[in-house]
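The first chain written gets the first letter, and so on, giving A, B, C and D; residue counts start at 1 in each chain.
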Amino acid sequence: MKKIKIGSVGLGRLGLQHAKNIASLPNAELVALCDVNEECLKKEATALDVPKTFTDFNAMIADKEIDAVCIASPSALHPQQVCAALDAGKHVFCEKPLGITVEDCRLVEKACAAHKDLIFQLGFMRRFDDSYAYAKEKIDAGHIGKPILFRSYSQDPEKFIEGAIAFAPHSGGQFFDMAVHDIDLARWMIGDEPAEVWAIGGCYAHKEFAQYDDGDNVSALMKFKSGAMGFLFAGRTAPHGYNVETEIIGTKGTLRIASVPQKNLVEVLGNGGITRECSENFLERFEKSYLSEMSAFCEAVISGKPAPRGGTAEDGRRVTEIAFACREAFISGQLHKIS
Amino acid sequence: MKKIKIGSVGLGRLGLQHAKNIASLPNAELVALCDVNEECLKKEATALDVPKTFTDFNAMIADKEIDAVCIASPSALHPQQVCAALDAGKHVFCEKPLGITVEDCRLVEKACAAHKDLIFQLGFMRRFDDSYAYAKEKIDAGHIGKPILFRSYSQDPEKFIEGAIAFAPHSGGQFFDMAVHDIDLARWMIGDEPAEVWAIGGCYAHKEFAQYDDGDNVSALMKFKSGAMGFLFAGRTAPHGYNVETEIIGTKGTLRIASVPQKNLVEVLGNGGITRECSENFLERFEKSYLSEMSAFCEAVISGKPAPRGGTAEDGRRVTEIAFACREAFISGQLHKIS
Amino acid sequence: MKKIKIGSVGLGRLGLQHAKNIASLPNAELVALCDVNEECLKKEATALDVPKTFTDFNAMIADKEIDAVCIASPSALHPQQVCAALDAGKHVFCEKPLGITVEDCRLVEKACAAHKDLIFQLGFMRRFDDSYAYAKEKIDAGHIGKPILFRSYSQDPEKFIEGAIAFAPHSGGQFFDMAVHDIDLARWMIGDEPAEVWAIGGCYAHKEFAQYDDGDNVSALMKFKSGAMGFLFAGRTAPHGYNVETEIIGTKGTLRIASVPQKNLVEVLGNGGITRECSENFLERFEKSYLSEMSAFCEAVISGKPAPRGGTAEDGRRVTEIAFACREAFISGQLHKIS
Amino acid sequence: MKKIKIGSVGLGRLGLQHAKNIASLPNAELVALCDVNEECLKKEATALDVPKTFTDFNAMIADKEIDAVCIASPSALHPQQVCAALDAGKHVFCEKPLGITVEDCRLVEKACAAHKDLIFQLGFMRRFDDSYAYAKEKIDAGHIGKPILFRSYSQDPEKFIEGAIAFAPHSGGQFFDMAVHDIDLARWMIGDEPAEVWAIGGCYAHKEFAQYDDGDNVSALMKFKSGAMGFLFAGRTAPHGYNVETEIIGTKGTLRIASVPQKNLVEVLGNGGITRECSENFLERFEKSYLSEMSAFCEAVISGKPAPRGGTAEDGRRVTEIAFACREAFISGQLHKIS
């Protein structure tokens, strides 16, 4: 079996998961790791049996053995790293967001257009979740008719609130940090772009977010060009766990994905009633999706054809535009048009 | 609207509920109450605005104004009271069990046969529950094909265990005290009689039941004459609440009734997960069924035709026979044939 | 038991249900019916054994025997009939909406203020549903903390679309016709009033609604004065049945009511999977609520104290104001402030 | 990363899945395939890029490069192949059943005892399912107290009935063919062995099974040595899909695994109601479990310690004994003791 030789940059929580996934895939080989933290770099390289390590991303992409890179570095670095890697002839898998400004995203779009022979895939892992993929197939097959309302929630557990507060200065706000996945799903499942948005919310439990023009819980209502409606809710204070839930109502039927955010198939009948426990966090909920998207990326590199469900640079730029529009509407209190 | 004038005997928890239900029905009038406890009798008669009170059942049934009696006295008294009431020309609604011996039940069957002009209805209220009735309609309409397996659970909450222990000397054991409703449902939903049974169980949490040849949790597997299978489980130690759940698997489909023993339509998403709270007890779960069965009894008296779903004396006798067979099998450890 | 003597006006589908409910309640007596359709009036009076009939509402409220009136006439007549009945010294139960203009609603508010000795109750039956009432108790007890997001759906089945189209010229639009119940719930459960709203939607399946500045599916996002968010969706094209579903997310927990719009407790395992069937329509879903609200009204008249959960004239006026604001936002495409 | 070199025998549906899983695991290398069907052998070896192929099992185990074998050949061959492989110094993963007679199973037990340095693991994949594993942890941690009742269903879809009928002469009957997984779970989750069993059932839809002393749907009730109860149901005629569902009721709580046999997290709201679609078959339902058990086997070989949840030869022998006891009880109509 052909194995894609991958170098991966960034060893944060998700970066490490990507590295482990690459190491475990039959169609990939993790040949290099890159991170500025040397101690962490050595530890993980040893644990994962990775032959090469780099503290300099440009050095890594200069390595001729490497076919492709996985980028899970801080968001602000994504655009320049993607462009550099493409220019160095590497296929690129990049974690979301594509960039933290629309201009940066447009640079990546151009780089992708200039390197059509290289595979680029943006990390919208929900598209690779079995349930989301199944729902998309049903929509595409016409089972729900014409989309009327898309609704999606992304809620982080309250127990992670301290980390969220610490990250708040750098997060770009909840629409940018959390709701981008819901925004991507809305576009992907409706098959259309939003034209106008209103967004509200606030600091219901943790006033710390206010100084960053952000809230601990926010929502947005969008009108799509086709007339479809989209409602997003993003929160950080769910006591019950990690809750990502999506619904699409059409003229002929409705699909709900994970309306009960169940951890597994176990029900507990005990004091209090009948309980379904929830996923702990995104790594638990989307464990398999992260693996599937990376496998699909490797297959894309092998076959030379982009993964059918993979996010493109255009997807990344549009999602960033929409997230910014939501943020503008939230801050101004006004309706915001999206070009 | 024609109103049936009813005298009701027995002011225990369920007897009082029956009295309240009669008082609230548009086609009934609660004209008399009977109980040996004079204090309780006066209190409830005042509360429910009932004109006549009796401490002697025979005096009540001698009252010419009374059209029908509701019998919710201690189980051992049921057969003689039913017979006396029928002989006095009264229609009779009798709470389960029909009697505590098969011989007693046969006496009631004879009395019913001798008074075909009078309505007799045994209190198998589950048949009047919206969900059980809906399931029965589907079965009768052929939706599940031929019955394969009937399964039914009756679990009382652990929090009522002290009352259960106190009542144990008089209960007749769990098959007789609790499982009779499941036995009745099995016969009613399968449309057949069991031919052979094995029963097991024990005292898993409360050894007090052992001295009465009973267990705190028991089960029985039955072979019906047609070949259908029936599995019953009756328990007294459910921490989650009152749990009555029934399933019937057929060759073309399966129906489940109350597989989540939910109290209402509220889900609570909180610490621990997504929870459906349970019913507290049989009065909460079957509140509407008790009202419906009494209304159906009154309609039956008015129309002169037995309620289509009402329990008959034969039903009562057969259920008693089957419950005794389960108990015999449980005590002997052997298979037990049912004639 | 004291019985309130009630005259009921309007024998449409819901009016007839109210009449039947009054006739069946132990604390009420249906003494008069009023409708302009004489044939229907006679038929139902006979069926329900009602002694008096009127084709003139003013004649009915002149009847000294009558304690209270139930108003289920066409919406445009509600305000004048309520005022006339109060002036005639009758207690009043009035079906929603209170009136079809805010000015009309204010007249009723004044009449109620002038007759504080009389009970007035507006028909927001969902407040009397076991599940909504249970959720409200939990909210009031602090179980969910501070409200963050209220979400509510009201969907009629597609199979009733012809009737909806026929009624469209008179309905006042979906916010006024359907969403008023959700608007009332939002205010009642959050305990606050909305300050600003945006509304969108359209004719996704049936263009007939467009000529009335209405859509077949619409939604609204609201900012409440306290900062809480409210999202409403009202649709007329649900293939699965009648779907009324409500969620309230708070800082300490979330409550969902009827997230699976199940008809009863039966699950069907058959071709296609595991299915919960839905309620057919509002009369099936809220059968018991309609009875409970009327019983509560009668108890209120008897005790002289308004039903704790009963809708007031102010509730009716505010709901009408909010529904109009939604409609204005929907038509104009702009944000709309609510005074 | 250390990779275990595995040769796999048997390329039926499950054997092929095992081969694919081995090929995809980071801690394994599929170095050889063995099957009597040369055409199939070549095709799959090419597809999976496997260097060596054998039509003779003994030739394969003579290969010095091979560390371990995976046995997914016809059941009757399992015992001798396991023994031969162990004698040849190979670690062994063997698909269930261990053998089709208790005597054969005892031979394997002896071989395992004689080769304690080698890892042997029997393919009870349900133990490696996330939900079953989670439930087992909760039981072991005391969350449900003392086991009272274990209940487990295994239902194949009706749509596979032709294959089931064709295989009936060789299947050993439903207790042996299907219920062995439930029997294993019962022992594993209760932590005890059954002492006595009664079994019933029949041919409800397909009389073809009768000639093999089998039924299309069967059940068994077991008394465990500790007094716990066990109820198993195995069917071949489920219209809704593949249904494996397990429940364990304890003195302090109840756990249910897959009580809704959902395919994924998608709910479909459409004609008929709210539907959860079911898994198609065992490969879909237990896809991840098959991978996990093989990964655990490889880890066991690497570490030299048997997988904590892995099935042993003793497990295999006991399950076979119990399945035979069920079959005896089913055929004789009598209670059957288990030594």
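Annotations
Throughout what follows, a contact is a pair of C-beta atoms (placed from the backbone, for glycine too) under 8 Å apart; a residue touches a chain by one contact, two chains touch by 3 or more.
Keep in mind it's a predicted model, so treat the numbers as computed, not measured.
Judged by contacting C-beta pairs, the busier of the interfaces B-C and A-B is B-C.
Comparing mean CA positions across the assembly, the chain most remote from subunit D is C. Once the centre of each chain is set as its mean CA position, subunit B and subunit D turn out to be 42 Å apart.
Subunit B and subunit C have centres, each the mean of its CA atoms, that are 37 Å apart. One simple way to say how far apart two chains are is to compare their mean CA positions; for subunit A and subunit B this gives 56 Å.
Of all residues in subunit C, those that touch two or more other chains are 238-240, 252-254, 259, 262-263, 268-271. Of all residues in subunit C, only 1, 23-26, 48-49, 130-131, 134-135, 138, 143-144, 252-259, 262-271, 288 touch subunit B in the complex they form.
Note for the complex: subunit D touches subunit B at residues 145-146, 148-149, 198, 200-202, 204-205, 217, 219-221, 223, 227-229, 231, 233, 235, 237-240, 249, 251-254, 259, 334-335.
Residue ranges of subunit D in contact with subunit C, taken from their complex: 238-241, 243, 260-263, 268-278.
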